[in-house]
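The structure appears below as structure tokens.
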């Protein structure tokens, strides 16, 4: 899969690395100090200084690719953005400093592509400026939401308004004060064809009828922006808050998820690289049973396995990025699903080894490893569990050989017998 | 799962270990010399001497458990037989020397339980004496035979004879001169209920209409007894050669497979133990890059993993044996399937490590490792592939919570969408 | 490995199951409500009621095996205790209700065996009564503590007192109000032979010079009893607080860790069983893409794999328990290390699958799965990382073949070349 | 890692695909028929026709990259050659038809680079013409040959001849009649620095003193060219048969192994692709338990995993090829070792799944799967076992952080204690 970085891309990559060195790593401790002082979901003030610096350097909204003439954003291709994103992935808050953090990135893309003038002015502009944050409300607590058909929150037209009723959860980012707006996916027409039943709509967080019922923990702790459970009771928003057209929600969600997934994967490679650095440094600094930990053959094997796995994963993500840049997200669907499965699993292996090499320290707040682990672990579920993505890959592979192939038999009552096989 | 070895069992275990030391290991090289001289499927003459010695010591037909009063066999319980079988598993031909080799063991059990006087005299007796060998013909080349329903060889009554038409393969043992008889599974009534359509019948190898079409290789080489593809064209056998009753074939096959599987597993633990011995000895005798291979941390880790995996597997097999002895094969179905899946997979890991430690030597004829690997690999398929056994385990687990649970939806036309999940 | 449950053991197992059904599961929600109300490290009042009920039923201190005549404790053998412990493992706080929770169990064993009259009266008695809790201070933040040689906290005799100076961390349980006492491992004679340098001593938490510096989080959250970092600055305790004799610390720690490890493993099997129950129930209650999740072949495979892995693991632990009961902890060292490695790794696989089947819910507070995962993950590090245990297993295996074998070459300067192997 | 295929490269790729379709697949059965008729190590006559056709199309010696002006070979870059090699890997004998088969490719490269006029005329010319075949004799049976230092075959100057004494094995290809010449690695100066002790020399197979002692089987069967054990007793060759200079053997072997490894890896990706095709086709053509095998969720998961793993691996190999093309083999050492480890392991997983889906057929001669498995399995050992390559990767990673890092402690007598960790 041949591809190349552009000269502009290489320049940005260099600039981002410098920025990380000059401003991010050295403020890491201070960031966490401020955050713990502020408490769960708080906004560490240092972020404002760092954002100002990033803007000054032109390192802002780098994620926004392939847009219409006159659009905002730096318009890096996915291939060029990949190494940038990897760099940002190495520190928890670096993406936010460059206004390249989820779920705002995906939300900004959608607002840019499907929002009308008013929406773009009211919500996209402050988001692009990093003044507010946003949430994305799709998953529901009562159903397997990876099957879009299951989505049950109702969006009903009533005059020149839409009325929303239902409940969402894992509405990521909603717990933060700075979060001011949500994009909500709901069902407006249960009788339409399977993938034309859903719509997406913009809902200001302060709209009457919106209740953040509770915050969901992730492996026992609160993520910074939090993951909220949100109740919608007769929530009314103006009709022009609908994104695109009625019944277009599924299509928009698909458009959103391609870039969202690859950004996650790029960042996750950065996470893995940093975990490996932690592993190696620790191994070089601890002795046990007569040698450095780094001189133990098993640990050496872990280091090599990690290097191989990371490098292999990176190339796979770049291939995917290149396909998205050239043949488009739809044609790259197999790769988008593929990296979504492969990269977090790879990173979890590397992080797990790094934790193990740190002993007790590895599970504590003294390294970023435990935080890395829990956040990467959720990626195996977020945006559809791995298993669903693999089903779609298998379907495509099978259809290459039999275009009429169905994933399940249309009728069967067979069962394996109690005592397998005569 | 509490259980105990009996005094008699412990005595036999000791005796078998002595026999292995006195007669098997020291003749291993000679056995293989004779076999290669004789060619594929030949019978190394040394086996006769060894069998005579085994009989003299009373180490004969130890596998035959739980039979009727007056029956042949040493009647060890499954628990007592387990360590015996493990010991025998360490050398390719040891089971045969004690007349405890597959598929004869399973065949003798069936003939003993379901054969009439004539069958027992003509075929069981010489088998129990180790004078002839037998084959078991169930799998068919054209269908997935792990689903008994698929079996298509026809057995039709015609006067006082049965007529067989169809094709079998992986009829193990059939290529050997000494093999004189087959037990064949076929369908006698396609309209009967699912598990009452099949029958089992004794077919002398020399019956007209029986053609051994070819020998199937296993990873490129011929197994000693060979795996034959056998064509049945209007093969006629007397009606009294039917085992049990018409339609009873499925039930007999189930009765046969429980012991068959556990014997394989017990032997396979012996295989794994011996592979570990090879691994360790090699590691203690080779130097590379400044240390013994045994001083490499990674190899040490492999040794420990192997020890853990073998010991864990052995206990699981013993639990299964104990259940078979106490509550019966049917109640032990989950465990029988469980060991069938777990033990060969465990052994393959250990053997693979041992091969790797041997370098090039590990894949050659200079160690038994390559032979171990290919024969254990086939166990993941023989007697039903792992995946079918796991389906039956899952079914039982799920039915604990929902007795009406069906393994597949009775009607569905849903498909995961092209681009997974909004 | 033959063994049996005793009649008494079976009766206690039944009684514990009843107690779980009558008092634990139904109060699970209330317990966590009270705990969250009370805040990190708080003591939910409901525990007192439950403890009273447990005592009334005689389900108290069941862990204390094999003691001297006239000793406290129910004296279940390890084999008999195993199913009890598995049952208790299913709910986070059940062990505490029966006064069978770590690290108190191990501490009580040591105080019972090595404490003098005064220590037993002042500290063991209230611990056995469940009135106070205790902590165990061995691990140190600055060194790889799995190598006892590295331990650096100093214990020095000064008149009729010992003076402690140093720093510990992962002093589990220390953050709770009810925790009143620690057992501390330190070095009293750096010039003694390797395993005679350490001593253990009882240190009341309120002793001047003891400072709990901070609490360590585990994957971002606080464990109930907390894991403290504790500074010892000229901490003086009476000389009779030393346990056993000077230089006896290493031996005591070994005595302590055998039972400690097997208890963890037994409980962890209960954790895995419960995770599997969660997995299955969820799979039976969610639909996606046209079928129940339980009707997906991949999920069925996970269920079967989990059943096999759990059953296999349980037998391995029982073998270990039986060896500890019959030939003693020292002879069972390979098995104690083996289960320590095998069981948490097994459980993590099962829990991971259960999380995945739950989707987003699996990482939240809505199921115990996330908590299970983080607590079991720490077991791969606690009491020595897996890798160290595997080294000791490998050493024993290798010494079977070469009694003089050394784990590392005594002198080497070889390196693999830059570009491996011609 | 950015790179591109050239226009010429793309044209050759297309041409090779056409050739495979027109001449290889359709003659596969005939090839194997002729081979089995001819017996082990025989040369199926059909190869001559196919070679003639390949030459006619200009598909000949495509492997020879980066040579001197006026050199033979098509000079595809490694990147351009990769997809060609993948295509050839799909059928056992396709590489040979295009004169791109190991070990001849590596040997031709060396002869081209280091052979004098005479050697090039006598041996390189007929090899480039595909008239003869060659063998490479490096590995020795008595030592761990992945450590070049261990190599013990002696090469001693005696007048204007060199005299060779020693024994090699796994001299691949030597058993074939057409094999006429070997390149032999031996030690000419045991007192020189570590990597200056070895030399390489050309030895005609018919030289007096050369005895092919026996053929080594691979998992029980003979490979086509065979793997010979070769005794060298006072074997005398003219001094001008030495390749390069005395002491240059190690360097040459390194030069040889880079391309050799990447060719193996490229081909192995083709093997994996074809195994996946077999898997899918079988799954679409077999029913069991009420559905197509392809409709089983577990098998669908295998298909997806295989697709992901293959695609990821291919990108990794391309990255490696690109590095070899641009910064050179030495700078690409980490990647060369990385692919050498990653690709065969990946392919073995895919092949294993394909075998399992085929049931009994999967281990027989009826599909190429069993042959694929055994030949790919040997790649984990050939050219240095995976573990050695990982050591070298680890060393490079560790040296990034500590340039003076030593892989083993220079002096140690520590041991983990019998009962791990207090």
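Labels for the chains are A, B, C and D, by order of writing; each one numbers its residues from 1.
We take it that contacts are C-beta pairs under 8 Å (C-beta built on N, C-alpha and C of every residue); 3 or more make two chains touch, one makes a residue touch a chain.
Computed from a predicted model, the values in this text were never measured in an experiment.
Copies chain B and chain C of the same chain sequence form an interface built mainly from equivalent positions, shared numbers / all numbers used being over half.
On a Cα centroid basis, the chain most remote from chain A in this structure is B. Note on chain placement: the centre of chain C and the centre of chain D lie 50 Å apart, centres being C-alpha means.
Inter-chain spacing, taken between the CA centroids of chain B and chain C, is 41 Å. Mean C-alpha positions place chain A and chain C at a centre distance of 36 Å. The multi-chain contact residues of chain A, meaning those touching 2 or more other chains, are 145-147, 289-291, 296-301, 337, 387-389, 391, 395, 406-409, 412-416.
Those residues of chain B that touch chain A in the complex are listed here as 138, 145-149, 151, 185, 194-195, 198, 249-250, 253-254, 257-258, 296-301, 329-330, 333, 336-337, 383-384, 388-389, 391-392, 395-396, 406-422. Residue ranges of chain D in contact with chain B, taken from their complex: 139, 141, 143-147, 150, 169-170, 216-221, 227, 286-291, 293, 296, 298-299, 355-356, 359-366, 370-371, 373-374, 377-378, 380-382, 385-388, 391, 407-408. Remark: chain D residues 1-5, 79, 276, 280-281, 283-284, 289-292, 294-295, 297, 300-301, 303-305, 307-308, 311-313, 315-316, 318-319, 334-335, 337-338, 341-342, 387, 389-391, 393-395, 397-398, 400-402, 405-409, 412-416 touch chain A in the complex.
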